[in-house]
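Inspection log for the structure reproduced underneath, given as structure tokens.
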Amino acid sequence: MLVRVQTEPFDINDEIKAITQGRDDIGGVGSFVGLVRGAPGFYSLTLEHYPGMTEKTLEHIAATAITRFGLLDVTLIHRVGTLKPGDSIVLVLAAASHRADALAATEFLIDWLKTDAPFWKQEHTTTGAIWVEARDSDEKAKQKWQDCSNHD
Amino acid sequence: MLVRVQTEPFDINDEIKAITQGRDDIGGVGSFVGLVRGAPGFYSLTLEHYPGMTEKTLEHIAATAITRFGLLDVTLIHRVGTLKPGDSIVLVLAAASHRADALAATEFLIDWLKTDAPFWKQEHTTTGAIWVEARDSDEKAKQKWQDCSNHD
Amino acid sequence: MTTVRILYFAAAREKIGQSEEELALPPGIANLGQLRALLARRHPILAQASIRGAVNQVFATADTPIAAGDEIAFFPPTTGG
Amino acid sequence: MTTVRILYFAAAREKIGQSEEELALPPGIANLGQLRALLARRHPILAQASIRGAVNQVFATADTPIAAGDEIAFFPPTTGG
């Protein structure tokens, strides 16, 4: 399991290599890369986080997914600092023997990270700085994993 | 849309860059990397395909996913030739404005590719060469996308 | 052109012992099922229900029409990905 | 140690005007809800239901016990990912 908070970009190929190299029991790696979307008048965002709680939370989310989906490994990398439209923000990797587990876990991981990991986005726009509001849809995306004890 | 059949490995970071660079409307890229799993007595596999039909089928699957999930781009790369345990076989990338579409489409793409794209695996084992049998679970994975007209 | 090109892949190719053949389309052979029944006399594996067929690089069924110039293929269920 | 360390993040930090403070735990303050009510007198944003709390880097609710030496944090709903 690897969780990391960093300002610099990540290389997904390197991260997949890091979890797959030297073993031959992984049948599939699911992944998600989140990117900053552009909008009129929006030129950058700053990501703030809660050092310590962030790592603790990401480790807990990763461990939960490993148990729930029988994963072979998980990588969670989140960038902080100032990012521009088109920049990557977050990387989720879930490695499993079979693809269904890898893909379901990828969705689980990003859904939980969105609501539970202590990161906050402030957007810098032509009319000033605005803290991004949490979205109900993110909370709902997380809740779907709690309504049923197993994913199916 | 990019579909490609190749013998050499792919670099997922380069492929994501290729579809995200120069634009800022992509909020998330879902991906799946399939790998060769090891087993006792199994030392390599050879992937055969139907040149022409392969590309045509992959393009059709990619176009179907783009329409169905409102994707911004899709990449499908499949390796052929001889591969060893731990080697990557297939890359699926689905780029969308929002993560739910990107992740659902990733699953759709790999499920359909598994049953419809004309590739065949022959395993080389200590007891000889064996053509891999198609799995019922792959056919079922594809059918779940046909039972409902929309993914929810 | 009065012939069809027939391709075999994977286990079908191995069993049949060739990867492709050219066939003058006999009278009365108008769809894939008819062609397959004809070929199965020489290539018994084609009688197996699991073997799939394609016409001009698209999955086809027994009633898919065929005509001279077509590219026909027979192969086992796919196992890529 | 008879104090708690209190951290504020994002919009809460900006509204309160500081990112952290040290507080001697007054008698009668035994859980997060009680501490929050006390702090809300000085920092009205803490009265907002949307503001979440953590004790020792774990999400906490009003009835989560607190003790001297704890690290307490208040912040808006997270918006990472």
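By written order: A, B, C and D. Residues from 1 in each chain.
Following the convention adopted for this analysis, contacts are C-beta pairs under 8 Å (C-beta built on N, C-alpha and C of every residue); 3 or more make two chains touch, one makes a residue touch a chain.
Values in this document were obtained by computation on a predicted structure and should not be read as measured data.
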Chain D and chain B - chains in contact with each: A
Centre-of-Cα separation between chain D and chain A, whole angstrom: 26
Mean-CA-position distance for chain D and chain C (Å): 73
Multi-partner residues of chain D (at least 2 other chains): 81
Overlap residues in chain B, where contacts from two or more other chains coincide: 34, 99, 110
Complete list of chain pairs which touch one another: A-B, A-D, B-C
Complex contact set, residues of chain B against chain C: 34, 47-50, 52-53, 56-57, 78, 89-90, 110, 113-122, 131-134, 138
Complex interface listing, chain A residues touching chain B: 11-14, 16, 20-38, 85-86, 97, 99-100, 102-103, 106-107, 110, 141
Of all residues in chain D, those that touch chain A in their complex: 7, 9-11, 14, 54, 57-59, 71, 73, 75-81
